[in-house]
Structures are given as structure tokens and as C-alpha cells.
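For clarity, chains are labelled A, B and C in written order, and residue numbers in each chain start from 1.
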Amino acid sequence: MLDLFIIVLAAALVLMLLALTVTAVAAFRFPQATHFVKDLDRRWIFVLMFLAVAIPLLYQLTFPEEPTSLAITVFEEIEKLEPGDKVLMAWDYDPASEGELGPMATAFTFHCATKGLKLYYMTIFSPIGPQMIDDAINNVLKTEFPHYEYGVDYVNLGYKPGYEGVVKVIVSDLKELYTTDHYGTSTRDIPMMKDVRSVQQMDLIVNVSAGYAGTKEWVLFATTPYPENIKMVAGTTGVMAPGMYPYIPDQLLGLLAAIKGAAEYEELVMSAYGSDDLGLAYRKGQLRMGPQLIAHVLIIILIIIANIIYFAEKRRGAA
Amino acid sequence: MKRLVPLWLTAIAGIVMIVSYFIPWAQGLGEVFSIWFDILAGIAFILGGGNLLQIHLKKVSDKGAGWGYSVILLVCFMTTLFVGLGKIGVHPSPQFPDESWSGVYNQSGGPFWFLYEYAFKPLTATMFAMLAFYIASAAFRAFRAKNIEAILLLGTAFIILLGRTYAGVWLTGWISDEGPFRGLRTENLSEYIMQVFNKTGTRAIIIGIALGIASTSLKVILGVDRSYLGSGED
Amino acid sequence: MKKQSLTGSLLLALLATTLVAAKAPAPPANVTAIDHERWDNGTRLDVSWDLSPDDTAGVAHYQVYFSTEPDGDFEWVGRAMAGQTMLTIPDLATGQNYWFEVAAVGADGSASPLRRSAEGVQPTRQAFDGYRLWFVLTVAIFCGAVVYFIRSAKGGKPLKIRKIAGLEAVDEAVGRATEMGRSVLFIPGILDMNDIQTIAGINILARVSKTAAAYGAKIEVPTSRSLVMTAARETVHNAFLQAGRPDAYNDSLIYYVTDEQFGYVAYVQGMMVREKPAACFYMGAFFAESLILAETGNSIGAIQIAGTAMPAQLPFFVAACDYTLIGEEFFAASAYLTGSPEELGSLKGQDVGKLIVAAEVIGGVGVLSLATIILHFSPQSPLGLALMKAVTFFKDVVLT
């Protein structure tokens, strides 16, 4: 893999330099060429982007991941927990953002189950949220952790409408709102819910969020009013991540930003607890970093080409 | 009268919500009002659904432009509604085996689950994935180094684009991670930009937005701004 | 031999027990609970106790437990450090009796016997939540400033507001659509009427539809929420009435699509490509669909004006739209477009709020920096400690 990645990067660099050289020459010597590129049908750009994403995916191109400080913090917060500790898994995303958030949700479930933690799943994002929880349960818990028993080791509390209103209630009384789990069983009959009064008794909240309601609502209505009792780490989409930085580290201990954060976290989890038997099932974030790298390089090339043409035309106009 | 009653209702509800936040016995009122709104919004689904049917049935009957899409919409809408509401193909819940409707509507393997898993999920993921294509075309069209600010923006964008992938790590991997120049490694530089510059700018925008929200809400409560009722004038 | 070894074992056990018993600290005494002394919302009790005799020699902390019955199961609720004689217990139920137990815990984890409070105590709800006093003062100052400037603007005081390019272009955009014989598309965001951005968007819709009515342009408003559809219909109808064109109003052009985010944007995108509106307004709360809408509008050659208070979506609108109203500008749009003195006055009041925040930031950062520097060179400096205490009070009490 390392050899392939070196070849791919070198090829990308050569192609980039070639494209830029050709563009620069064409822009200053052949005005018709610049018109062609300037008025290029955007569908050609879509085709280039499609190839940039599809080829690395098909060849399962992965790159080494060096975890950054935020991903390491998230990993260590979960590492600190002891078997039997309670973790609230707030899965606030839907199929649209599964590409970005699915890998980190899978990695979180794997890591927490490996540590023997009690998992309380819930969602406030949308009625489709419980499907994402079911995916995590079916793909991870039932597959790799068959000893995990529903109601004893994990529970799916499902979706409740009300967005931040739900958070405001469950920080003091969880069972007031969640009288049953997602499947209709009374929470009073679920063994692992017996001694749970509120979210404040959770040892950690792990939030995976795609938008509203999500990480921001948990920060505003859970970790800010109860900084001593409620600790949280989160994973968000790339677009949301910049807005979460102001809350680090007081209200939000750590953050996984987009697929890069997921890939770094997967690297940490798999290095610590992975094995060859697992294959690439728990490295989907890293698999998706291949297309991300090529796509980013493509975007940089496009921007530089566009600017070369812009400056060439400006110079011609001035002359 | 037609505008006076809503104005008074808005003012009373707004002031009650603000005051109740500080008075302990009334602090639950905010949640009560939110629940009332949720109930209204839920009932409004019927209004919206009825409007949807009306618009698209008319388009089909008039054979207006794009009426084929209206047919598809109507078929999908009625199918999903029928399958979901009727819990078609859903087995009873183990807790209540004698009640045929006791199963969860989106039970795994059922028709509704099938529609979700093989129609809804791929379609929404596809729409979200289209963003990658649009960002490329937007970058090609719009990102020009026209002035100093634009040049700074482009430079920052390149650092972040490279820093968020292994390309950046590879390009600046020769800089020692422990020396005085470790901050110039792309991944460290991009992290610094996010933690310092981005955080500052985001905080400033959030504060401005919060003040704007407070001011606009006050205008609505005091009846200064009445456009949402249909007109700014009596 | 057997008898001797039995006696030896018993002695050993007695010695071990004595040794073990000697490790655990002595229990605290006189555990009592009273209603929290500060005015609160009726969810707090203050539990106090007399220090364990071993407090200065062996006690690491005190553990506090509570129960709703005098002889029921006691649950852990809090911890106090050695030397502390009181702990405030939050998040209790108003009107419910509580009993408390306290134990002293040594450094090795050994705990003293528990001491229980004699009587059950209920948290009492006061008329005002004292924990929100600073917040009410801040709200009063801000709202007072807004009201003051509204009244002074009403009194005829001229107020200057800077040009906002996006709002200046509204008439131009609608005029362009009229000339080209194409429609105006207005999208009031994808959240419901309980979101202030949607209300701000509807306010702008009033102005845009009035202009469209005056110019004779067609305005189409697909909505993502039923209640927004109802409000938008009312707004547009009144705008057409005001413009003297009630006959031109067509309520089938303001319709509901779907609540589902990407279903909505798929419909709007298809509609834009087929019908090619000449002017597109995106005014409200948007999420991931912002770039899809803006790029599609760009591809059909429409003039696009966007306004939102979602920081994450602003870059997409700025990149793809002709004009973008950023955050506060979006909320100021209604005042800007109507030119009403009262609304302009509220903008001035908003500026007072910004001044207060700026002063707090600069003051707080300055004082904290000074305190840190002083304490770095002189850790026991009274000035440094006082400044640090002031900053901590400001951060933990005033701003909380």
C-alpha cells in the first residue's frame, strides 16, 4: 500500500505540474484556449470529480493516518472509562450524512463495546435516526460482540421529537420522556435503565451530529449547565466542525471533524484493538480518505488553472 | 381587528415566555408552549399534504409542464403513506403477539423498511454527495485572487485542503516534528488556523447573530415589526 | 495443637479487625439539610454536617447520599472535600421530601459509618430564580437600549445606517426578472415558523413580493413547512393588496413541498432547471442544501441574493451568490427595506449590545492577562489574587 500511495501521489504531482504548465503556456500564448477553458461546461468538472472519487475507491487506496490532538483526546476520553461505565450514544444523523459520519459511529460502537461499556443509544435529529442506530447495532454489536445482550449491555431508546426540548428534560429526568425504548418495552423493565435517573449519571456522552438538533444543542443545554457532571465528545460533519471549535475544551472535550477525524480515530482504535480478521470493515473512514486526497488536489488544480487564465486575461486586457 | 388580535397574542406569549424564564413556578411554560407548537405543526402536516395532493393532481389533470414528475410524486407519496400508516407486512411485537398492529412500522424486512433502505437512503445520500461536484464547479468559477483578501483566502484554503489529507503531511514531512519550525508542517498549520483564526471569526459571527436574533425577537414581540403578519402597515 | 492454632487464628482475626477498623476515619456528626439559602427554582437543598474528628488526619473527602424515604435505598449524589461542612445538592424535585447520609472517606478509600439526617426536607420554590439575576440585568440593559432607541427614532432623531449591497439589489433583481419575462423564486429557508430566521425571511418576502406585484412579475414560493406556507400566503396576498394588484395574486404559486431536507431541495432544483427563474432569493435557515441551490441558480444564470444566520452555510452563499446578507445584515433587512424609524432604532440598540460584549471581552481578557502576569512573578500578590478572584466571579457567576 505504501508503494502504491507513493506512486499515486507522485503521479498526481506530475499531472498537476503538467496541467499547470500547459495552462500557463496556453493562457499567455493562445487566447482561444483560455476562452475554451473559461467557458468550460461544468459537466466536464463533474466528470473529473467523479473520476477523482471513483478511482481511489475502486482501488481501495488508503493512506497512513497520523492522528491529531483532537482525535487523540476523543480516544483517550473513552479509554479512561472502566468496564460497566455508562455511555450515552447520541446518534443525531441520517442517511444523507452516513458517508461522513457512519465510519466514526461504527468506530465509536466498536471501541466502547471492546471496553465493555454500557451503551445507551438515542437520537433527537430525525425520525429516521433509529435506523442509523439499528445499523450500528446490527453491523457491529451483533457481529463482533455476540455476548452483548440487549437491555443489559445496550439499549435503543429511539427518537423523541422536540429537539433541544428533549435535552432540557433528560438532563434531569430521563424516564419522564423515555417511558419506553424504541421497541415499546417499558424502561422500568429494562435492567440497565433501573438505576439511571438522568443524563448526569452517564460517564460520557458520545454525540455524532449532522446538523440541527445536534452537538450545539447538547453543548448549550447539557454540558454548559452541568459542567461537572456531563462530559461529552462529538463527531460532526466537516461543515459543522468550525462552529464547534469555540466550545473546545471546556464544553466539548474532543471533536472528530468529518471523514478525516473518523479516519484518525479509526487508526487509533484499530491500532489498539483491531485485528487482521476485521478486514476493512472498520477502516471505511480511511478508505474514504483516498478519494478525499485526490479530490482536494483536483480542486487546488482547478483553482490555480482558473487564476492563471484570470491573470492572463487581465494582462491582455491591460495591454 | 384582524391584525390586532395576532399582535396581542404575540406580545402576550413573548412576554410570558421571557418572564417565565426567571420565575421558578412558571419555568416549565416554555416547554408547554413548545409542545403546543409541535402539536400545531403536526396537524399542519395534513394541511401541507392536502396542498401537495391538490397542486400535483391539478398539474396531472391539466397536463402542465413536468406533469410526469407529478405522477411519480403522487404514486410515491400514496404508497409510502399507505404502507407506513397501515403497517403493511409488519409482524406483531413479541410483547403483544395477538395485536396485529403492535409491531414497529419500520420493522426490519418489512415493506416500509424496504422503501427506506433501498429508495430513501440511497436518494438522500446521493443528494448530499452532489455537494462534492458543486464545490468543485464553484471553486473553479468563483475563487479568483482579485485582491489581497482573496489571495489570503486562497492561501488559507490551500493549506487547509492539503492539511486535511495525507498530501500535506507528505509535503512537509521533512520538517522536524520537534524543532522550532514544527508549526510550519501543513497539518499543524491547518490545526492552528482552525483553532485560532477560525475560532475567533466564528465567535464574532455567532455573537452578532445572537444579538440580531434578540433584537428581531424584541421587535416582533413589541409589534414594531409586523411584516410576518402580512404587512408592515395597518 | 488444634486448640492453640484456633486461639491463634482468633487473635489474629481480632488484631486484623482492629487494624482495619483503625484505618477508617470517624464519621461526621449532626447531618442536617435545609432549603438552599439563595433564591432558586426549588430544586436545591443544602446538606451540612460537623466535621469528622479525623478531618485533618486521615479524611480525604465526604460522600453524600440521598433517598426519598427515610428507610429506603440511598443513592450517591455528591462529594465534598475534607474541611468542607456543606454541599448544595441540585436537581431535586420540588415538594419531595429528602433524607441524606454522609460518610467520611479516607485516602485509602475506607469509609466511616454513615450518618443520616433526622428529618426529611423539601426544596422550596421561591418567587424569583436568583441564579438568573445577572442574566435578567443583562436582558434589561439590552432590551432597554433597544426600546430607548426605538422611542428616540420615533421622536424624529435621524439615524444613519450603512449601505447593504444585497438589499439595494432587491429592486434590480425583481426588475430583471420582469424584463426577461421569467419568475422570481423566493425560498424562506427550511425551518419552521418557530425559528426567528424564518420570520426574518418572511419579513423580506413581504417587501420582495410587493416589488414583484408593482412590477408585474410572477413570484413563486415553495416552502418546506406547512405553517410557513400559510404565513407566506398571507404575507404575499397582503403585499399584492398593498401594491394595488389583488387580481394578480395566485395562491397556487405558494405551496408546500416536503419537510424532508433533500426531498425539498431535489424538487426546487428540478423546478429551477425547468422553469429558469431570473431572480432567486434564499432568505432563512439553510443547511447542506445551500450550495446545491446556489450552484443550480448560478447554472441557470439567475441573479441570486442570499441571507442566513447559519455560519456554516455563509461561505457557500458568498462563493456562489451575487449578494449575501451575513448574520446581522439578514436581521437588519426588514428595517433597511421599510426604512421605518422604529425598526432603524432597534438596530442602534443592537449596536449597544455589541459594545457591551466588546467591552466585556476586552476588559475580561485584559484583567485576566494582568492577573496571570502578576501572579507569575509574585504568586501571593494581593493585587494578582484579587484580580483573579474578580475574573473568576465574572466568569462563574455573571456569565453563567
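The rule we apply is simple: a contact is a pair of C-beta atoms (placed from the backbone, for glycine too) under 8 Å apart; a residue touches a chain by one contact, two chains touch by 3 or more.
Values in this document were obtained by computation on a predicted structure and should not be read as measured data.
The touch graph of the protein chains shown is complete.
Looking at which of A-B and B-C shares more C-beta pairs in contact, the answer is the pair B-C. Between chain A and chain C, the centres computed from C-alpha atoms are 24 Å apart. Note: centroid distance chain B to chain C, computed from Cα atoms, is 17 Å.
Residues of chain C in contact with at least two other chains: 261-262, 288, 311.
Among the residues of chain B, those in touch with two or more other chains are 34, 124, 127-128, 135, 137, 139, 141, 143, 202, 206.
Across the assembly, chain A contributes residues 42, 96-97, 242-243 that each touch 2 or more other chains.
If you check the complex, the residues on chain B that touch chain A are 31, 34-35, 38, 93, 95, 102, 104, 106, 108, 116, 120-122, 124-125, 127-129, 132-133, 135-137, 139-141, 143-145, 154, 157-158, 161-162, 164-167, 169-170, 187, 191, 194-195, 198-199, 202-203, 206.
Those residues of chain C lying in contact with chain A across their complex are 43, 75, 91, 191, 261-262, 287-288, 299, 311-313. Those residues of chain C lying in contact with chain B across their complex are 40-42, 125-129, 132, 135-136, 139, 142-143, 146-147, 150, 192, 194, 196, 199-200, 202-207, 225-227, 229-231, 234-235, 237-239, 242, 252, 255-263, 265-266, 270-271, 274-275, 288-289, 291-292, 294-295, 298, 309, 311, 314, 316, 319-320, 326-328, 330-332, 334-335, 338, 340, 342-343, 346-347, 349-350, 353-354, 357. Considering their complex, residues 42, 96-97, 172, 195, 197-198, 200, 211-212, 237, 239-240, 242-243 of chain A touch chain C.
Interface residues of chain A, counted against chain B in their complex, comprise 5, 9, 12, 40, 42, 45-46, 48-50, 53, 63-66, 68-69, 94-99, 128, 130-131, 134, 161-162, 165, 168-169, 182-185, 241-243, 245-246, 258, 260, 289, 292-293, 295-300, 302-303, 305-307, 310-311.
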